[in-house]
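Taking it in order: structure first as structure tokens, then the write-up.
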Amino acid sequence: MEAIRNAFDFSDFPRLDMTVAGAALVFLLAFPALPHSSFAMATMIQFLMFSLYGMGWNTIGGYAGQVDLGKAQYVGIGAYTTAVMMVRWDVPFWVSMPVGMALAVGWSFIIGYPLFKLKGHYFAIATIATSLVLKDLFEVWDFVGGAKGLELPLRGNFPDFLYLQFREDYYYFYILLAMFLAGLLFINGFRHSRLGYQLRAIKDNEDVARSLGINVHWCKIKAYAVATAYVAMVGSFHACYNFNIEPEDTMSLDLSVLIAMMAMLGGAGSLWGPIIGASILVPMRSYLGSWLGGQAGLAGLDLVIYGAIIMLIAAVQPRGVWGMVEAVRGRRRGV
Amino acid sequence: MALLEVREVSKDFGGLRANDRISFQVGADEVVGLIGPNGAGKTTLFNCVAGYYPVSGGQVFFDGQDITPLKDFQVCRLGLARTFQIFQASGDLSVAENVMVGAFVRTGSRRKARAKAEEWLEFLGIADAGGLMLSELPVARQKRVALATALASDPKLLLLDEVAAGLNAAEVDGLVKLLTRIHREKGLALLLTEHVMEMVMALSHRVVVLESGRKIAEGEPAQVVKDPEVIRAYLGDHLVSGENGHA
Amino acid sequence: MEALFLAMFKALVAGLLMGLVFALVALGLTIIFGVMDVVNFAHGEFLMVGMYATLLTAPLLGVDPVLTLPFSALVGAGLGVLCYHGLIRHLLRGPTIAQLFGTFGLMLFLRNLALMIMGSEPMIVHQGILVGKSFVVGPGIVLGATKLAAAALSLGAFWGAWWLIDRTKTGKALTATSLDKEAAMYMGISTERVNALAWALGGASVAVAGGLLVNFWPVDPNVGLLFTMIAFATVALGGFGSIKGALVAGVLIGMIVQAPPVWDAMLRLVGSDAAEGFTIHSLKYTFVYLIYFLIMVVRPQGLFGWKQ
């Protein structure tokens, strides 16, 4: 009961924040009805996906302060579970998604146990290493299609809510929006939960945290599992939305970093951070990419600018956009 | 039956013996001071008792249970809380939230944790600081936050590591009164290491004196300070035996 | 059985040669880490810059690629100092996460700048005294002159860097800072200058490694990540901050990367029909990632590490 109340408790944010959030929600709900290009719709879907990725990452990377750069392996597990189950056994999305999440979380416990013996840089590099190992294995594993990946069969009867196959993007949009809202409420409850507080104590000082009865190793593993569940869920969705997955686009290091970047840019360890980050980075990436990437001789310029922005943020305001908002307000509130 | 019994505890760091077969007890309604010159092994012993270090030899019993093999977080759950010399919580948590983390040892409910935190902040006279960040407070109040956090975990015994360090005379005085109240009104046993002798003398029912990792004396404060071995340990050999040199 | 022995011998020789280059690649990373506890994600991109530097200047100056190495070193050192003053210095004030992302941004920046300027086509040195020459050492064992020279020169460069650090006054300042930053400061050593020096040295050594590598390893803008990971694994295995460790671990990693043909030969020997057409060869770098992970979990101080 209290968990549900916590999920809906936004009372630590000033009214201004909630007004902006409410306006944003109205905009999101109405977006498909507004005039828009299909490119804008695709960007919007990307925004929701990366918001969810970032929210998940934020539990371990933001609240617990453990820089995880290997989230893509769990995107891959989610995406491949859905794809394999649909291709081979005709299993609908709503069954394969929870299975994928369970498999990913199970794998995260196995990996997490040794992983969280490491700290700081060592931890970050190790997360990359584990993710790359899994990607390499998938690339040579025939059962999942190797490096070529898998293509999902078109079932032909649109709209198909069971298998998530639609002609029009707004179906995907609303389903994802529902996931987004559920994810947001869950995180809001999470940051109010005992684990949420304990993780922030761990980030502050692990010795003090342990002296307060907190099993630091286990708490980190639990947060890692929550983060994993989020990205695996979106991974499953990604498989249905793209109809086509391969190790390179679901498990690459670039994706791992992008996920972390959303939260980092917006403000790691804050509720709105990942959403703010995604709302800046995703449109920038897709529009910069389409404007500049297409022109001869300018391939790469979008990512050059992107890299420069990342360097700038890291050097000037490591707490991200939300850190700037807090600096202006002169208060650190509403984490 | 003593609340805490330290039995023949030793701790080695490499070849260095920091604690050598130390034994003492703390009763359920006692305040015990652990004193000794710098490097006597007080903090090491503290860390062994609290499960922060594994001991090299000996046993620690708490509330009738052998806690020697337990980790620090397990020890805390049994009701043995501690403070750190340097209490640094720089990041994300406000004062009240810090104290709530302590309260979360006993409850999973945010509402109850908040109520408990507010109760302790009130008791320690820092209720007005609940919404601030720790770094915004002066040192004396930061120490009270550390106390409140440890107390919110509902301990039976509280280990205080140099809580008076860095405080001025008036602040030490306030702290002594506060700790007395905590002991009397809340019925907590206290074990404290301290450099500030007035504080140990004023609070402790019993004092354990360490030197070079060994226990050299134990008894009531007034007796212990007269013990020649304690005086020698604190002031050094040359002062006691060679007074004529300074006359 | 003979095939197995041959495969083993080949792997040992090839691993030793490759490993010496890996050691030089990892040297820069370990120096920088030792001095200032910063992990540079763009390390592989420094290597890429060194590769392009040799590739481009050799025809431009009309000299043999081997002779452009000093120039590569200079480019690498310049890049290192530039990055230190332009970026790293500012990242040090922030949390670990800022350092990781800052150097990651640098990696994206350099990689895609290279893509803009050079395009995505892989390139390799085609002309030079070493290219195309080889020695037949034994039955079925052929050593490419480029690899042999790269290994020898890597060892030379490694020795040079070691001499600089261990025998010169500047190098001693570097060592002192990595042992105890504050004590070094009290002795009048400027941390800023030592840091910049570490980046110059780190950049130079990895750029030279790049110049050697490009004689037999094609360069493209994405070549960096693999070498960054190899360098991480090497440094982890050798012990973060240990120069001797980088050398030993580099050779070990080289042999591990070259070892898969041995496993394949073994599989064939026992007549395993495990997956038609599947060879362990395609997983050779997976072992590198695994090694990093296992070493960090089992023995975080590595073989010769003193920092933890």
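Each chain carries a letter (A, B and C) given by its place in the written order, and its residues are counted from 1.
Heads up, the rule we're going with is that a contact is a pair of C-beta atoms (placed from the backbone, for glycine too) under 8 Å apart; a residue touches a chain by one contact, two chains touch by 3 or more.
Keep in mind it's a predicted model, so treat the numbers as computed, not measured.
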Chain-level touch network, classified as line, ring, star, complete or other: line
Chain with minimal offset from the mean of all protein Cα atoms: A
Where chain B and chain C are represented by their mean Cα positions, the distance between them in whole Å: 50
Whole-Å gap separating chain A and chain B, where each centre is the average of the chain's CA atoms: 44
Between chain C and chain A, distance of the C-alpha-averaged centres to the nearest whole Å: 32
Multi-partner residues of chain A (each touching 2 or more other chains): 65
Chain A residues touching chain C - in the complex, by the definition given at the top: 61, 65, 67, 69, 114-115, 117-118, 120-122, 124-126, 128-130, 132-133, 136-137, 139-140, 142, 253, 257, 260-261, 264, 268, 297-304, 306-316, 318
Of all residues in chain C, those that touch chain A in their complex: 37, 39, 87, 90-91, 94-102, 104-116, 120, 221, 225, 229, 232-233, 236, 275, 278, 282-283, 285-286, 289-290, 292-293, 296-297, 300
Residue numbers on chain A that touch chain B, as the complex places them: 2, 6, 63, 65, 192-194, 197-198, 200-201, 203-205, 207-216, 269, 332, 335
Chain A-touching residues of chain B, taken from the complex the two chains share: 50, 52, 71-74, 76-77, 81-82, 84, 87-94, 97-98, 100-102, 104-105, 107-111, 113, 133, 149-150, 153
